[in-house]
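Presented sequentially are two complexes of chain A, the first with chain B as partner and the second with chain C.
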Partner chain A sequence: MYRFLRLPVLLVGFFMAASSYAASNSQPALTTEDALGPQVVQPIEFPHNRHAGLHDASDPTKGGMEINCQYCHTYARRSAVAGIPPLQKCIGCHQNIESVRNKSRIVELFKYWDAKKAVPWKKVHDLPDFVRFNHERHIKRFIEQQDRPVQEACGYCHGDVKEMTVARRQKPLAMGWCASCHEKDHPVVAEGGTPIAGQAYWYSFQKPAAAQDANTKARGPNDCWQCHK
Partner chain B sequence: MSVSNLLENWSQVRHEHPVNDKPHDPYKWAMAIDLDACTGCNACSVACYAENNIPVVGKERFQHGQQMHWLRVERYWEEDSREFPDQGFQFLPMMCQQCEAAPCETVCPVAATNHTADGLNSQIYNRCIGSRYCSANCPFKVRYFNWYDYPTDEMVWPAEMTQQMNPDVSVRSKGVMEKCTFCVQRLSAAKVVAKGEGRIVREGEVQTACQQSCPTGAISFGNLVNPESRVHKQWAAQQVVLDADKQAKDEKEEGPGLRGYRILEELRAYPSVMYLERVRESAV
Partner chain C sequence: MIDSGSVKQLAGHPFDRRDFLKVLGWSGAAVALSGCGNTSIEDGKETVVSYVEANDYMVPGIGVYYNSTCAQCDAGCSINGRVREGRVLKLEGNPDSAINKGKLCGLGQAGVQHHYNPDRVREPLLRNGNKGETISWDKAYALIAEKLSGVKGEEIAFLSGGVSGHLKALLGNYLDSLGTKNHFVYEAVAPGVVRAANVKAYGVEMPRYRFDKAQVVLSFGADFLGSWVSPVHFSQQYAQFRKGVNGQRGVLVQVESKMTLTGANADRWLAVKPGTEGVLALGIINALGIATGEVAELVKGYDRARVSSETGVAPGQIDKIAALLKLRSPSLVLAGSAAEGYAHGSQNAAAIHLLNQVLGNVGKTVEAPVSVPFPQMAPAKGNTAALKTLNDGLAAGKYKVLFNFAANPVFTAPGAFKFKDNLAKAGFKVAFAHYLDETALQADLVLPLDSAMEDWGTQVPEYMTEGAQINIQQPLMERLHANTRGMGDIVLTLIKQRRADEYKAFEDYYAYLRGAMLQNKGALGGGGVDDDTFWNETLTQGIVKLAGSTGTLTAHAAAAGLTLPAPAASDEQYPLHLIPGVTASLRDGRHTNQPWLQESPDPLTTIVWDSWVEVHPKKATELGIVEGDIVEVTSKTGSVKAQVYLFPGIHPEAISIPVGRGHDAMGRYAKGYGVNPFQIMDAVFDAATGELAMHETRVNIKKTGQRVLVVKDEGSAGALQMGRKIAARVSTDQVDLSKEV
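Let's turn to the complex of A and B:
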C-alpha cells in the first residue's frame, strides 16, 4: 500500500534534512585553515622575521625591526601589484649597517649590487592569469579607511609573514576562500565609530536602504567580472 | 547558496531587468553608434582584436563559420532595383549589445554568463562548459565559440606574437564561449582610480578600444546614468529609453524625425547600444 510513495517521501525527507542543515550555516565561515604552498628557494634567504618581526626589548640582537610591510612593498598601496623592492632599496639601508656587513647573505646582496644585477627573486603568491586582484583597493579599505594594523591587513591573505624567513604561501588564495570573506556581512562603520565614506555605496552590490549606522552591513564586491578577466 | 539564504534574499536573487529592478547606480555602461559617421573602415574591429587577444582564425575556418570577431562590421546593400545604388554599402558595427534582459543569460545551464551591477553581460570563461546554448539564443549572433585551442595553434599566435597580447584579458582556451565585454578591463582600471579618489568615473576617462580607434568618432561610450556623459545626452536627444520595448517617439503619427533606434527592440532584450540611422546620400 502506497508503495509508490516511498521514493518521493524519501527524496522530500532528504531535501528537508539538507536544507535545514544549510539553514543553520547561512553565513559562510571565514576560512582560516592554512594551506601551505610550496617552499620556494630564493637566491638569498631573506629573513622577513628580522625585518618585519616584533621588537624584542630584552635582546635587541634577536628580535625584529618592525618595519612596515609597505616600506619595501611600496606599490601595494597605489597599484594592483605589491611589487618586489628594487635592489636599491636593500642597499639604501644596508650600506649604513656596518654590523651585518660581513654576514654571508649581505655579502651575497652586495655581489649583486656590484655586478649591477637585480636579485632574481621568485614569486611566492602567484594568482592564476585569469584573476584580477588589486592590492590598492584592499589596502585602502583595511588600512586607510578602517585603520587596521598593516601586518594584520596584509596577513589576511599573506599569513604571518613576520614569523617567516623566506615567505611561503600560507592561505589557499582560491576563489572559495576569497568569497568566504566577500560574502560576509561587514560593518560599514569603522571600529571607533567613524563612518567610512561611501562604504556601502561602493562595497555592496545593493545599496542598503537604511541610513548608515553602526549596524549597517555591506558585502564585498560579488559579481564575477570583479575578479575574473 | 544555501536554501535559507536563497529564501531570505529572494528579492535580490529574483531580478526583473530592467523594469521593477534596482536602478543602475552609479554606473550603467552604454553606447551610441552614429551610422552616418561610420565609413565601414573596420578600424574598430582591428582594435578589438588587438585589445582583447582575439584569435585570427584564417579564411578556411571563417568559411566554416568559426570566426571570432567580437565586433563585426555588417554590410547592407540597399535593394532599390538599381544595380549599383549611389549610397553603396550601408555599414553597421555589431557587437554584444549588453542587453538588460539578455536572452543568453537565462539559458546558460551553468550561469557562466550573468548580469553585473554596471549593466554589463559578463562571460566567465572558467565556468563555461561550452553548451553554446547562449549563442543559439542570442538574437544578435554576437557570441563566438572557441572551436580550437588557439593559444597553442601556431597559425594564430606565432611565438613572437604572444608579446603583443594584452595581459589584462584572459586568453581563452578551447570549448568556451566569448563575446564583447565593453572592454571591461579598462572599465575596472578606471573604476579603481576613481574609487581611490572617492568619486565615480568621469566622462571621457574611459574609452573602449573600438571607440578609441574610430577615425570618425562614430562610437561614443560612457555611463548612461551620468547626465554629463555624451552617451546620456545622445540617448536623451534621440528620446531612446533604456527600459522600453517600444519607444514613445515611434508611436506618434508624425515622428519627431529622430534617428536613434535599437536593434530588435521588440524582442524585449533591452539592448544597451543605440544606433543612429544613416541619412546621408553620398557613398562616403
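Let's turn to the complex of A and C:
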C-alpha cells in the first residue's frame, strides 16, 4: 500500500527541490565564452600543431605542415560522428617518413601497428547520449555550401587545434552554447537574389548567393528534436 | 521555439556543492537535475577505440547490412542485420525471401539478445562434483575421443533439435563414423501427428497451404498467425486472404478449446470440448450433405444433435459453418496442434483432412510442396516420439555416451518421463550449449557454442513457398567471447578424430561449407560464374533460390479406419483438461532468457514476466476463484502453483498454462519466473504415431489462499470498456452468419 504513496511523495519532493534550485539561481552567467576542458593525457602525445600548423617559412623543419583536418578526420564529413582515424592512416604516411622514425612517439606508434592493436585514445570531446550532434551537416553547411576555410569551420567547436599538441576541449559544448550560435541572425541571400531564411536555408532547398546582402538573416535549426532525437 | 534565455539558464550553469546538497536533501529525484548542463561528462575518461585497419565502407556511425538467416525457430525467415562499428544492432527481414518477404516476428527480433546475452557459456566446462571447471578445447576434444574409444555404436546416442543443411549432412557422417544410428531429433512443440496424418491424406508430410486462395479458412486449433509451422509467412498470406479474391474478404473460423492469437483474429471462434475436434469435423461433413459412398456412411451417425452434445457447439453453429463452406469455395481446413494433442490425435486430424477432401480443397488450397534437390540437406524434423525412445533407452541404461545439441529435454520432457533421473544413467554426457540450461547442468562436459550471429551455416526450411531455397547463415560480427565455437566447427573437429583423411582438406567449417557449395555450383544456379563471384553473391543475397522439385499430392483421405472414441467420461478426481499454451514469443522456452520476450505482453492476456492459469469466468465463479488467486494445479504427475487469470477464451472444462516459463536454470532473465507446465504433464501418446499427446493431461485446481496483483498491461477492470462503448458487441446467438458474410 505504501507503493501508492511513493509517487506523490516523490513529486512533492521534486517540486520543492526544483523551486529551491530556481530561486537561488536567478542570473546564471552566459556560456558563450571559452571553457577549457581538462588536460587529457593520451597514450601518444599527438602533435596537432606539427600536422595542421602553419608553415614556418624561415625554417621548414620547425612549423607545421598545414594538413587539412579532413585528411585524417575523414569520417566527419561522411557521418554524424567524427570517429578517430584508423591506425592505418598514421602508418600510411609514417612508413615513408624515415627522418622521424626513431622519435619516441613514432616508435610507440609502430609498436601498436606491429601488434595490430588499436591505440586507446581518450575522448576529448564527449556529449551526453541524449544529444545527437551531426558533424556531416555542419561540414556541408560551412565548408561545402559556404566555402569557409576548414580550420575555421572546425574551430567553431574545437578551437584553434593547429596551435595545440594534444587536443583539449576549448568550448563548453553545452546546450546554451550551441543555441548561442544557432540563434544568431546570419545574413543570407539565395542564388538569384531572393532572400532566404529559416528552415529552407538549412535544409538547403535553396543555395545561398555568393555575394550576400547584409539585411537578410537566417537562423540555425531551433527545434528540440534536431538534437534530441 | 525555445526561449534561449531559459535554455542558457539550464545549460551552462555551474552547480555548486551547496546547491547540490540542498537539492539532494529534498528528494532523490532531483538528483537528475544536477545532470543538466554538465555536458562533456566523460572528457578524458572514456577510451575511444578506432580501427587498426578499416575498409572504405567502414565509417563510424554508418551502418552496413548483411543478410543471414533467423535461427530463433525453424521457419527459416531470412534476416538483414544492421552492423555499426562492428556490432550488430538491429535485425530486419530480408525482402528477397519468399518466406518472410522482409518481415520478422517478435521472436526473430529478439535474436540480438541471443547473441549479446550475458548468461552465455563462454568456456568449455568439465564437471568436477557440482562445479564446472574451465578446460581447454584441446582437452575437451581429447576427452571425447577417450570416452568414445571402445564404446559400441549402439551405446552412443545423439539428441538434437531439428537440423538441416550442411550441418545435418556432416553430423550424419559423424554419427556414421561412430557406427551409431541413434540420432534422436526432438522438438517439444512440433506438428508430429499432423505430419503423419498429412502423409496419409495428401501423400506428403507438409503440403503448401494457400491461405491467399481460400475464401474461408476453417482452422481446428492451428495457431498459424502465432506459432504454427511458418507464422511470418502465414501472416502475410493471411493479409492477402483478408483483402480477398475479387474483393470478397476471406472468413476465418477457428475451432479450439483455448483461444490462440489466431483464434482472437477469427470472425467466428468456437469453443469445443477438448478432444472433440474430429467429431465436429465429421458433423460438418454430415451437415454439408455432399459426401457419398463410404464417407457418407461414416458420417451418418454424426447428426446435429449428437455432435452438438459431444462437442458443446450449438446445432445452429454447425449449420452456419456448413452453409458458409457451401457458399464459398475453395476453402481451407487445417488441423493444428490443438486437434492433434490427444490419444486419438491422428483420428482427429484424419477427420479434419477428410472434410478438406470432401470440400474439394486438395489441389486448390492444399498444394504440393517443393523440396531441395539435395535430400541429404533436407531438414531432419523433430518430434516427441523420438524423446520417448531415447527416454526408454536411458531408463534401461543403454547409453554410455550421450550428446545433446539444441534441445532442452530436462525442461521440456513431460514430468511423467522422469527424464532427469533417467539421464543420470547415461555414462558420459556432452552438451553443446548456449546457456547453462537445465539439460546442460546435468552434463559432464559443456561445450560453448557461437551465437547464430557469429557462426556459419546453411538451413533448409521445412515449409517453403514459390520454389525451394537454401538459407545462408553468416557471421554478422566477430565473436564476442574468444572461446566459443560454431557447431559446424566442433562436428568437423570430431569427425576428423575418426576420418582424418577424408576431411583433412577442410581447415574449418567455413572451408567445408564453401567447398561443398562450390562443388555444386552448377546445381545451385552458379553455372558459368567463377568461384569467388558465385560465393560472394551467395553471401550477399543470403539465400540460394532453386527451382526445386515439386512433390505430388494424392487426395486419398479415406473413411476407412477412421474411428473416433466416445467422449471421455468425466474424471472425478481430475475434472479439467490441461492445455499447454504455446505463445508466439516463447514457444518451447528455449529463448526465455531473452528479456524482450519476457517483457513483451502476451497478446491475449497482456501478462508479462510470469505464468498464469487461464480459467473460464464461469468455472471460476463455481470454484470461488478471482483473478490473482494463486491456485495449485495438480495432475497425476505433479503439481504447480500459479496466479489465475480469468479468460473467457477458454472452454469451461479446461484450463491453460503457457509453456516456456518456469526455468530453474538458463540465466538471469529466465530462472525463477513463472512455472513449467511440462513438469506436470502425463505421458499419454497418440495411438497411431507414438507422439506425445500434449493435451491429454487432466488436472484439478485448488485455491491456496494467497492472492497477488496480476502484472499485465490491460486495465485493472479486465479490459472492460467502462461503459464507453469503444467496441460494440452482440452475443453470438443473435448473429446471423449468412447476413454477416
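We adopt the following convention: the second predicted complex is superposed on the first by the 171 of 229 C-alpha atoms of A that agree within 3 Å, B and C clash if a C-alpha of one lies under 4 Å from a C-alpha of the other, contacts with A are read in each partner's own complex, and residues count from 1 in each chain.
Everything below uses one rule, namely that contacts are C-beta pairs under 8 Å (C-beta built on N, C-alpha and C of every residue); 3 or more make two chains touch, one makes a residue touch a chain.
Keep in mind the model is a prediction, meaning the values are calculated, not measured.
Visitor: Report for A:Arg132: first if it touches chain B alone, second if chain C alone, otherwise both or neither.
Guide: first
Visitor: In the superposed arrangement, does A:Val119 touch chain B (first), chain C (second), both or neither?
Guide: second
Visitor: Under the stated touch criterion, which partner chain does A:Pro38 make contact with: chain B (first), chain C (second), both, or neither?
Guide: A:Pro38 contacts chain C only, not chain B.
Visitor: Spot which of chain B and chain C makes contact with more residues of chain A, would you?
Guide: C
Visitor: So, does A:Lys140 touch the first partner chain B, the second partner chain C, both, or neither?
Guide: Touch partner of A:Lys140: chain B, not chain C.
Visitor: Touch check for A:Arg169: first (chain B), second (chain C), both, or neither?
Guide: In the superposition, A:Arg169 contacts chain C only.
Visitor: Report for A:Cys224: first if it touches chain B alone, second if chain C alone, otherwise both or neither.
Guide: Once the two structures are laid over each other on A, A:Cys224 reaches both partners.
Visitor: So which bits of chain A does chain B touch that chain C touches too?
Guide: Common to the two interfaces on chain A: residues 18, 25, 80, 223-224.
Visitor: Within their complex, state which residues of chain C touch chain A.
Guide: 1-2, 4, 7-13, 19, 22-23, 26-30, 33, 35, 37, 39-54, 59-62
Visitor: Quick check: in the complex, which residue numbers of chain A touch chain B?
Guide: Where chain A meets chain B, its residues are 18-19, 22-23, 25-26, 80, 129-130, 132, 134, 136-137, 140, 197-198, 201-202, 205-207, 223-226, 228-229.
Visitor: Touching residues of chain A toward chain C in the complex: what are they?
Guide: So the residues of chain A touching chain C come out as 10, 12-14, 16-18, 20-21, 24-25, 28-31, 35, 37-41, 75, 78-88, 112-113, 116-128, 131, 169, 172-177, 179-180, 183, 222-224.
Visitor: Chain A touches which residues of chain B in the complex?
Guide: 2-5, 8, 12, 22, 25-26, 114, 116-117, 120, 122, 124-127, 167-171, 181, 184-185, 188, 192, 195-196, 198
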